[in-house]
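In the two complexes that follow, subunit A is the common piece, with subunit B as its partner first and subunit C second.
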Partner chain A sequence: MSEPAKNPSETLVEITLNDKKISAPEGSTILDACKQANIDTPTLCWAENLTPVNVCRVCVVEVEGSRALVPSCSRPIEEGMVISTDSERVNTSRRMVLELLASSVELDRADKEIRGWITSYGSNPDRMGNSSEIKTSKQPVKIQDDLYVRDYERCILCYKCVEACGDDAQHTFAIATAGRGFEARISTEFDAELPDSACVYCGNCIGVCPTGALVFKTEHDMREENSWDPDNQKVTETICGFCGVGCNLELHTQDEKIVKVTSPSDHSVTEGHLCIKGRFGWQHAHPEN
Partner chain B sequence: MFGAGGGTSSYKEIEETDAIVLWGSNARTAHPIFFHHLLKGLSNGARMWAVDPRRTDSAKFADVWLGINVGSDIALANGVAHEIIDAGLENKEFIANATTGFEDFAAHVEPWTLKRTSETTGVPVEAIRDLAHGYANAEKAQIMWTLGITEHHTAVDNVLALCNLSLLTGHVGRWGSGLVPLRGQNNVQGGGDMGALPNKLAGFQDLADEEIRVKFETAWGSEIPPEPGWHLTDMFNAMGRGELRALYVIGENPADSEADVNHAREALEGLDILVVQDVFMTRTAEMADVVLPAALGWAESDGTVTNSERRVQRTRAAIKPPGDARQEIEIISDLARHLGDNSWGQPTAEDLWEELRTVSPMHAGMSWERIENEGGIQWPCPDENHPGSPFLHDRLWKQPAEGRLAPFSCVDDRPPVESLDDNYPLRLTTGRALDSYNTGVQTGKYNSPIRTGEALEVSTADAEKLGISTGERVIVSSRRGSVEMTVEIDPNLPLGLAFTTFHFPELVDVNQLTNSAYDLKSGTAEFKAAAIRVEKMIDA
Partner chain C sequence: MPDIKFGTSLPTDSEKKAVDETIESHGPVTLEITERLVYAGRQRTQERRHLLLPALHALQHTSGWISPGGLDYVCRVLEIPPAEAYGVATFYHLFSSQPPSGDQILHVCNDIACSLNGANDLIDALKKEGHETKPSPCLGQCERGPAVFVQRIASQDTVVFDADLKHIGKFLTENSEKESIKLPQAGSDSLRLLTRVGVLDPNSLEDYQSHGGYEALKKALEMGDEQIIEEVSKSGLRGRGGAAFPTGVKWKAVADEKGRAHHLVCNADESEPGTFKDRVLMENDPFALIESMTIAGLAIGAEKGWIYIRGEYPIARQRLTAAIGKTRKSGLLGDNILGSGRKFDIEIRSGAGAYICGEETALFNSIEGFRGEPRNKPPFPTTNGLFNEPTAVNNVETLANIPRIILNGGETFAAEGTDQSSGTRLFCLSGRVALPGLYEFEFGATLGEILDAAGGFSGPGTLKAILLGGAAGSFVTPESIDLPLTFEDTREAGVALGSGVIMAFSDEDELTKTVLRIAEFFRDESCGQCVPCRVGTVRQEELLIRIADKNPVEADISLFDDLASVMSDASICGLGHTAASAIRSALNLGLLETQ
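And now, the complex of A and B:
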């Protein structure tokens, strides 16, 4: 009793990608085609389990006949499209995007990949001035409970957390962008303290945050005391022990202790999302904490 | 369902269905990640009906909330069936091809007119008609339920009443159409899979079938008694009669979780020997003669669990168990050795799984490696080339239908065992909170910012009548016990209904109040329908 084929259209579309002709399924995005062709493409606001919002512009590519660079994460491929991902224009744009973001936001706790792109695209954030002076929306770290910490100095406004909290997954709508221009920031309603807001602590915002602005309290505390050591962590896949849904958990452990919990975004049960019990309800494994 | 011991559908199907009927389930709170799939279904245009006495967080997402009187589910299902037949919306071809007993069923539900159904259930006529027509006319439709259906003395009949609706409309056996019991606990389905049922062996094979018994006897090298064992409620009854004298409890906390818990505690105290194997010193463990500290299933052990879509998935040890805690497989194997059987050796989880595959045809095709590589497999999976089964019973759509035809069941409305009277005028129903789980043995150990503790939730009108307000302490009594609780007014409750969770037995011993009357077919107690009285505390 097998699942019916989701996209009966298995029609292939032919495109030219960096001077090479390739075929990819109709409906694929340029990013999908790049992945298929093993072309590393930087992304910040895109995630497998979220709808593209096109805000970071770091995944842009050049499409022949198109005046502006196009975001590869959301643009579907078309028959005969000619795409360059490695042109001077593309590389300059990507370098500038990363440079501007890194000059205004602290990215030292961002995903390893992101820090890698800053180097490989030759970004030099310091040329924008002393970064400590021009931080956008400088604000103190928000520690309002024992589960997770919001450090918005590290936020690049990629909107992933808003999407995950909203109609891409959780439908709680506890956070949105408040303020404009340099004041733009992610906020709860009326900037309420998290426990008083609509937040239900699913932590799906942490799951998608690429820059370390939203982290488990455990991770925050360990980083502050200099004991956070990703090279010394292992990830074990298991199944949540609470309700009967059977969510897939990735237990991140360091020195025989669970330090955070994520879920694989490509699994059909969770699609990367968890509830408060699955994400934070593991502390009975270390009752002495 | 229709001969298979599990739900018919995959979670993904609800994303593509047209009509969603959530009946006696607050999945938004109790099964949040399943509810994500449901929300996708709503985004894709499905209509949703929520049948629940409370206007729950789940019901708030529904197009129509049917605020049913506690325990009148069969009346409502029969009424919906009557309306479907009356309007000529039943799927005549499917009924003729795949079912038996339609004529009797149609006659059985004949008296359940919209008017009578509405009077019995408290649901407005228009809402019943809307559900009946919406469900019957949908191209694809799913019914899902949880303990709101099964924690009644009519548990099995309630399920059969819902099955009738799917047979009437052909909403089963196709992608997007089915019946989905959302399992309350992580591995309830897996326990059934492994034969932890009094009358079944692994793979839901009948204990009564001699051929099956012989197969297991040959594999295990020991004789299997042909008489079915006891389910949990039978066991407590047998303890009460003094017939059951020794009890070995693994990973359960009945001294907190049983209905009419005072009675259950007495039964446990009367045992000759109580052995408890658990990860914490639960109240049950504190009563035990011997406690066997065990490793955590999900973080410290290798093994498998089965979820509500029949998907067998791997648990893996990420950390070592603390102190003297040991793997449960080791404890049980050692126990066998001490009991004089040296043949067990020291099996691993994989060894046990490989043995299961040789005796359980529905698991035969699931190699350890495949479960690892394929992100779990849904049973039945009879051979290694079989992809597993996202949904069941497409056999009913074959022309002619294959296997045993699906029978309609004539089931009767039977109100809750405990009726309301002047002394106990309020209905109490219990359920779960988002951040907590069962008796709180595990969830009590993390600091949830949204935890509000245990409160007796009452309707605005009842609070006014009783002269009580949010935050006030009251005495709550049933015919079995009395506890002190804090009041919380909940505008989502109807007049006459009170609600509480049961996650903090050390603060409020809620199960002193609940009723242990149970369904004779399933053994499940009627946690959902006690009669209570609420009294103001008199200042000392």
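And now, the complex of A and C:
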């Protein structure tokens, strides 16, 4: 959806990206232009199906004339903009953002590419001090029902779940950021248990979570018993049969059993979002569950 | 009806009444029926959401906390999802999510200036007496600390200051009656902004008018909007809140945005540690701010002005509220200002304990009823400000210069001070000086001259360092005594003029503790939105604690440099950008070195 339309009559804007002049459609963000130029840019809070909130700051780039670095995910390109994505300042900031997160949040279940960036940018979270002596997000896992697990010691506060629950997808507004500073957290009102909150169990928050803080209970339980094995999972595309909308489903199966359901974020009907039926209505396929 | 799920807790009768009265006092709430009935999330609506902050204040004031029943009632009336309203309520220090234990909470300032005067002993003493006591960031009472903000349930909040540890029992009752202003330069004919401070009755419009008040507004109405901006541009006036942006340029940018409603916002959220200038102006010359805002509103084509004042300034809020009522009655505010047919009115909004809300875009979010998280810039407020409409945000002191520019002309104003820093500047002197207080000097005065005017260094030992510009500023040593405190000279010297803070320290003060307090301040005040600041301020404080009693090794310095870089380069707003600057200057100057 966010791919710029390939319309030849569209106005092009010329920018200088890492000393090379390139043209990109007007209205593109710097990140769009980087993608067009095949420049790998780390992102954590950005997703193609959500409004950019530019809070993680890992995608920052240097723009000539701007004192501070600029978040590439949300900054539109302008004619004549001179951008550098691999200067020392950019690399230091990216390395530090990842280092700060890795020192405070458990990232072992984060998306593969996130763990890859921690290595490739040379982050060394250990130098922040012994994890027992520094502040971290360590806390007990929240299991309040049969569908969701919320493991907030893995939460990097990227706001994606809040956006998916709010007006980027579901319009339920069951969760929001509460508290302030390092105590800021994703919460229901007065930390009410999820079944008592406004949550409708669409699972869209889980769908967008990049670090495994929000997971399906099936996945959580399998991880606990060490049987979660993404390398041996198969993805089968199908269309949800519960109503006439026609949402694309991706059934993730392991050992002939459905373990998780997603929808492609570039799909024109769902934009990656589903409802409780599409997301969790597969359990009748395995009656012994 | 919007599809929002509310809770089942019920409000008390007094909570319900307080919320209803607050909402009614803001005029009828109209709910425009649009295609989209979900009023929440990032969908900005002016209709109801902006009443959330006043409604939360009403709850806190009535019951001493934000109770589940009270919050749920507010959510139903304003059609706000409870999770979002809870997120807003828990953002502010002055809103409590636990029931109160007594009928008041004492917020005792133990920030850098007050802690030099025994604030931490005061906290211990008050706790011993059984008071519910919370340490507080700077309360803007630095010239007369230690100070306490008394947050009361169901009666007027107040501030007590000049605490005497020997008479702690009587302090809370007696000092709250104390009259406030002691202006060290009182009567001096060099004063410009402070001429009426301590001279006139801040509750009397007639008194203000007999001291030349409202002459400037009359002249401004004759001049016309473009001419006002022209004079302000010619005056070279630059913002006094810290960023030093040229006021004329800002006003012109807003005035040029045709076709949309414009706003004027007075930033009175003065919270930079060591700063108290705007408090003195608002408490003692409130009509001047209202007149200045009226002129500014006319110039930029705004019919609505907002004063966002920090919650810890109850006296200033009371006086400004009373003054707005009086000016409205006299036709100086409202639908037909002085019979000109022009409209302008002012609304006061109270902050609730959040330094970050002094950042202009966080301030917009706070007024709009969202968490006080700064927005990414661009777009800038002049095109996308309050309610996403063109907005000029000006500091109290900046606005206070306007009447003089109108009356005497921009060129006369520009002739004062230096080429690049025109006019006068207010300086907040505190710490180890003989006569702490608010001072006004024509730009060009050196640090030494200003310190001398305040009676020079006073205290045990000798002068070791001076903090310029507050916690977001930088330390200098007595070697900088000849530095003229102008925008250009401070920039060249790599220090900050900021909000005009000058705080002196002796070699017998424990500067390590001061620096740790600054680190703690930024950790507490970070909004938590972006990673560099949310985690960076925590790691910075931890690092300083680790190296507090020993000289740092190379690894410590390189970690500090990296933390400072990521905060200043990659944070969203000025808080993160400056969170390491004072600390870095202290390290560079060797102020923390152990002997």
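Keep this in mind: the second predicted complex is superposed on the first by the 274 of 289 C-alpha atoms of A that agree within 3 Å, B and C clash if a C-alpha of one lies under 4 Å from a C-alpha of the other, contacts with A are read in each partner's own complex, and residues count from 1 in each chain.
By our rule, contacts are C-beta pairs under 8 Å (C-beta built on N, C-alpha and C of every residue); 3 or more make two chains touch, one makes a residue touch a chain.
The model shown is predicted, which means the values in this text are computed figures rather than measured ones.
Contacts of A:Ser268 after superposition on the shared chain: subunit B is touched, whereas subunit C is not.
When the shared chain is aligned, subunit B comes close enough to touch A:Pro287, but subunit C does not. Judged by the touch definition given at the top, the superposed model places A:His171 against both subunit B and subunit C. By the touch criterion stated above, A:Ser187 is placed in contact with subunit C alone, subunit B being left untouched. By the document's definition of touching, neither partner reaches A:Leu214: not subunit B, not subunit C. Look at A:Glu256: by the touch rule set out above, it reaches subunit B but stays clear of subunit C.
Overlap of the subunit B and subunit C interfaces on subunit A comprises residues 167, 171. On the subunit C side of its complex with subunit A, the touching residues are 3-5, 7, 38, 40-43, 68, 71-72, 81-87, 90-91, 97, 354, 371, 376, 378, 523-532, 534-539, 542-543, 546, 555, 559, 562-563, 565-566, 568-572, 577. Those residues of subunit A that touch subunit B in the shared complex are 1-4, 144-147, 167, 169-171, 194-195, 199-202, 234, 236-249, 251, 253, 256-258, 267-271, 273-278, 280-285, 287. Against subunit A, in their complex, subunit B makes its touches with residues 10-12, 30-34, 36, 39, 43, 61, 175, 182-189, 279-280, 296-300, 305-309, 311, 313-320, 375-376, 387, 389-394, 434-437, 441-450. Interface residues of subunit A, counted against subunit C in their complex, comprise 51, 54-58, 60, 68-69, 71, 74-75, 89, 92-93, 95-97, 99-101, 103-104, 127-129, 133-135, 156-157, 166-167, 171-184, 187-190, 192, 197-198.
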